[in-house]
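This structure is in structure tokens; I'll ask about it shortly.
Letters A, B, C and D mark the chains in the order given here, with residues in each chain numbered from 1 onward.
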Amino acid sequence: MSKKVLMKGNEAFVRGAIAAGCRAFFGYPITPQNEVPEYMSRFMPEAGGVFLQAESELASINMVYGAAAAGVRVMTSSSSPGISLMQEGISYIAACELPCVIVNVQRGGPGLGNIAASQSDYFQTVKGGGHGDYKLITLAPWSVPECYFLTALAFDLADCYRNPAVILADAVVGQMIEPVEVPERLETHIPPKPWATTGRHGRAHKNVVNSLWIDPPVLEELNKRLQATYARIAENEVRFQEIMTEDADLVLVAYGATARICRTAAELARAEGMKVGLFRPISLFPFPTEQIRQLALNGRRFLVVEMSHGQMVEDVRLAVEGAARVGFYGRSGGVVPTPSEILDQIRFEYNKLTGSDKPNRSVVPE
Amino acid sequence: MSKKVLMKGNEAFVRGAIAAGCRAFFGYPITPQNEVPEYMSRFMPEAGGVFLQAESELASINMVYGAAAAGVRVMTSSSSPGISLMQEGISYIAACELPCVIVNVQRGGPGLGNIAASQSDYFQTVKGGGHGDYKLITLAPWSVPECYFLTALAFDLADCYRNPAVILADAVVGQMIEPVEVPERLETHIPPKPWATTGRHGRAHKNVVNSLWIDPPVLEELNKRLQATYARIAENEVRFQEIMTEDADLVLVAYGATARICRTAAELARAEGMKVGLFRPISLFPFPTEQIRQLALNGRRFLVVEMSHGQMVEDVRLAVEGAARVGFYGRSGGVVPTPSEILDQIRFEYNKLTGSDKPNRSVVPE
Amino acid sequence: MSKKVLMKGNEAFVRGAIAAGCRAFFGYPITPQNEVPEYMSRFMPEAGGVFLQAESELASINMVYGAAAAGVRVMTSSSSPGISLMQEGISYIAACELPCVIVNVQRGGPGLGNIAASQSDYFQTVKGGGHGDYKLITLAPWSVPECYFLTALAFDLADCYRNPAVILADAVVGQMIEPVEVPERLETHIPPKPWATTGRHGRAHKNVVNSLWIDPPVLEELNKRLQATYARIAENEVRFQEIMTEDADLVLVAYGATARICRTAAELARAEGMKVGLFRPISLFPFPTEQIRQLALNGRRFLVVEMSHGQMVEDVRLAVEGAARVGFYGRSGGVVPTPSEILDQIRFEYNKLTGSDKPNRSVVPE
Amino acid sequence: MSKKVLMKGNEAFVRGAIAAGCRAFFGYPITPQNEVPEYMSRFMPEAGGVFLQAESELASINMVYGAAAAGVRVMTSSSSPGISLMQEGISYIAACELPCVIVNVQRGGPGLGNIAASQSDYFQTVKGGGHGDYKLITLAPWSVPECYFLTALAFDLADCYRNPAVILADAVVGQMIEPVEVPERLETHIPPKPWATTGRHGRAHKNVVNSLWIDPPVLEELNKRLQATYARIAENEVRFQEIMTEDADLVLVAYGATARICRTAAELARAEGMKVGLFRPISLFPFPTEQIRQLALNGRRFLVVEMSHGQMVEDVRLAVEGAARVGFYGRSGGVVPTPSEILDQIRFEYNKLTGSDKPNRSVVPE
């Protein structure tokens, strides 16, 4: 039995988290994610969990670190500048192999920027904004139901692989209102956590959470274990959606809110007779490298669309390795691209397919 | 007239900075860069500048932000975790188009890690550890003289392009002792800074430094200007060194301390009759993409060696775009690869060139 | 039905607090009060409350501020330097007329000092370590049962008068182990808190907690209300203990651990035929001014003994107003006075009563 | 040769400090003292010193701690809440016997309060807002020239006694504009500081600044040395002003801006035939205890006037010890008393002298 509930993306992160057994939230206000701590402050105590507004994002992430070490399902959320402040803590949590969920409702940057939607923190999240060779499981919702279910999934993946997971959203997705089919009881898997620092419970040893390994070979051993984990994640957890790609000449690649707009643009293009599809990565790490490579080897060309000056496009190019043309179209600073401007860009790329040799305009328009 | 002075890499950063007119330093202690603030505390007051040990790296970078806004040549230094703590501030400085120099003497990570050498912060520096579409000029010294002169150059480039510049070093380079030919008077170019917040000086308006642009088109305008700057930097400031690449079948690609070890390994390989060269990027942003692509088009294959699990290798692959094999060999956690283990890897890759089809072992050895 | 439980003073603060309905604790480790957060981390979750180790004492007191505003019974604890860090927050909480309990297990000062017992924070607590004309209800336990019951009382007084209350203890009392007659159910009075910021609950207005009153007459009005509260506290909440004072010529005045030692010293003095009693203030604010004045008017002389260089002695002198001699004996820096050295001092003072005119040695001995 | 310069109190603190050789200032903005850092940011670099806006008052005072340890004449300034944030640092500096100057331009409290004048931080400054038995040299200017010369004196006293010195001012004095006779060259005495942590300079030992003394007798030794210093200060540095006290029946006691208003009130009282004088403590620690006691013994009665609910009045009562009536009149919350309301209070007290027995109204008027 489920029931349909109308809610905002920012509320869905909260409801999904609590349904998945999240029982601690630490955060600090920043637009456009303020509804997340607001709803948390209301629903978390009802669920018997801890809500705390910390004195800064720095404090938040270190409280997340502590709660994660204690084996609690714990979450924080913020928006771009606040996430930057968490980079040291995120590296520590990753090094300690602790599960937690971090929601980033991206806003326009760099600097203070503004509070409109953006996708300029892809590199920070996927390549590593903190120091060291760690990786973050990264999921990108494009709808309110996905805000709900991907957040819940993020907790399961984080626990399963003992690794932080990020929901990389944006201001459009966070503010969007849609119905969610909320299950009466969400299926979730909280594994036993024998490593948690919750006391000896009669054992001879106590658990220690630590990221200091003075001896280089020992630290390298940790890194190899982490790399092995990332390899397992890459093998098992790739998630993506293909729309109208089967017969496509040109495949748009986009995630989050941008993917919704690209879907409309692809439909408009189809109406004009252009065979255009959409490939939407849902997991950004692991990235659907193999799937995109196959599309390239099968003759598709690509147009990557991002609300940035080109970040995910690098992962697409790394997947394609020169086997097909990869165009790029990006807007930034909180400007959300319209279907019609993407359609223009599709026409340009599509003509290239069929003999046109205009110069590549795959940059922000003048 | 110059004189030869024996010094440590960490001292050379300081001497190069002060010779280049740096007159403010804000930092916080962390091994293996502690000699930087130590020497700064001694030499900076003698030069009539400000040395201040801040209460944290967070405070340091924001003091750098303030001093940079006032038009002073300013520097901070830290090591990996401390640099992570600066990510929000770095994004702000980049957004405000302010020049400054940041030295990162990388140590083993992630987390607290250890104090031995590493190159695991490449992504953080080059792709963007903070939020938003900014880029940092990044220079990687492989010797003590380069610690001196690249630091000085970093100030000139930062001022010229009004952009932060990073010296991406490592514990080996920071602790190394070599003679430096110190010029009596270093040639440096400090441009006028009419944008600095130093008072009206009779003008009608006052200067304001700001990174908040609420209106998306206005923020996108800033981003386009930044992208134009990055394009100019990419066009004009690529720096690299090629050693024995002219006739090479296999080109090692490495930077910093790793490049020194690779040079030895290449020489050992030559002694065995293998035609091996070394390509050393000196500027990591801008990356010598075109030079590497040309080498690939001219038939060279590559072996990228890093003290990480593979970060710069992505930029090499993006340059090569499938036109040549790109192998990878990495150590991490503070383990510095030896010439002989690199030589093993060279033999493996070289055999591939000549018909071997062993599985790719381009990962950290078991 | 009650049961006798053996416990440490530091544990008794925790058990008394939780029995009194305390459901939130925020703190940061510092010796000699570390058992307080340790026990809180164990017992508070069992009681369904929130335990959180904050990132500093500054964070702790501001979290106390927030929880108090939400109407929760909340406590923090620390030792001398940590309490100094809380002074701004304490002034804010007092200005906002919010109830909370702060435990100070005093250690040797000033500065880092050491971890041994001290009473050098009397002025800070009773006169006002923060800015503005506020006062803190201050209770000083001399035994483990008082650690338990005065902590519980502190919550009732704090709620009753909407004012912060401090338990001014010391390292001796905190580390002492004694049996406590723990009631099955502690009688406590948690009043309704219609002012708490817990939502509108259907009312037209929302509650606001604020200490900014830009208009001076408005702020003076707040101060007058606070002064009226302090007058009511002074009228109703004076607590003290008199031992052997009825026939005493000389009355020792001491609180906390020092009072226990003075009691022994007084008994030793009695054994030598000197009529010595002990007056022990239990509430330091409100101070038992009237009771001491009456003793002075009835011919008693005084010897104040403190683990400080003379702080409470000022309040005794203000009470006595020249009507009787007030001697002083103090030790500091973590040195706990012995009964025999106090006995020496008693002999000296007692001889003064009976004609001796030696110079006043009422200082720390050479 | 001197020249008359018109300036604000807040500017005079800066000019006096720099004239006295202050070469480092660390602060954080807060009204009503913002002109202090503003002028410092302008004049300090001209004097070859360091101005730095820290990230908080907590950071400021710890930077003061560091600079003082290095032997530099260093100052910070703030207003009430900011000074509360400094209490831990102040206790550390006092424990380390380091000289520095702290300016508190008091504002209405407690809490955020407001930005109008107040004298409610007397206890915090004179009794000890931080932990431990330390004392702060405290000077209270009542005019702009005193802002200049007492600040300069504060540096000399701080250095002479190796103790922090506070200028306890208020918003009225800080904002007041008056001419100051600025000497061409201020006479100041900066003693050698062989204890400063500026390097070994060929000696066998290095200097260490430390406030941690784990062994109680050793820490008590420090406290005895501090107490001996305070005794020397009390003996040598009492400063005060008597106006029309020679024949007075009633002596007003007030400091700072309040003393100016009391002077006018005393003159108005004289015009009505009442013999009223003014005793103005200039040093609050050391307090002119002996001088006030002598006035009491010579038959004067007292009316203490403060912009607080009664703080300095305790020190007056401790001096008088019941030998004379001590009335009190206070305003708070930023309300500055007028001469006429003080005159009312004088009439009331004066009538008491001559037989009236109305109840004591020595509180804030309804």
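Going forward, a residue touches a chain if its C-beta (ideal position, glycine included) is under 8 Å from a C-beta of that chain, and two chains touch if they have at least 3 such contacts.
Fair warning: this is a prediction, and the values are worked out from it, not measured in the lab.
**Student:** Which neighbours does chain A have in common with chain C?
**Tutor:** Expected: no chain.
**Student:** So if I look at the partners of chain A and the partners of chain B, which chains show up in both lists?
**Tutor:** Looking at chain B and chain A together, no chain touches each of them.
**Student:** Among all chains, whose Cα centre is located farthest from the one for chain C?
**Tutor:** Max centre-to-centre separation from chain C belongs to B.
**Student:** Can you check how far apart chain A and chain D are, centre to centre, with Cα atoms defining each centre and the answer in Å?
**Tutor:** So the centre of chain A lies 57 Å away from the centre of chain D.
**Student:** Calculate how many whole Å lie between the centre of chain C and the centre of chain D, each centre taken as the average of the chain's C-alpha atoms.
**Tutor:** One centre to the other, that is 28 Å.
**Student:** Go ahead and note the Å separation of the Cα centroids belonging to chain B and chain D.
**Tutor:** 51
**Student:** So which bits of chain D are touching at least two other chains?
**Tutor:** Residues 58.
**Student:** How is the touch graph of the chains shaped: line, ring, star, complete or other?
**Tutor:** Looks like a ring, each chain touching just two neighbours.
**Student:** For the complex, give me every residue of chain B touching chain A.
**Tutor:** Checking each residue of chain B against chain A gives 58, 80-85, 87-88, 91-92, 94-96, 106, 108-116, 118, 120-121, 123-124, 127-134, 210-224, 226-227, 308-311, 314, 317-318, 321-323, 331-335, 363-364.
**Student:** In the complex formed with chain B, which residues of chain D make contact?
**Tutor:** 48, 50, 52-55, 58-59, 62-63, 66
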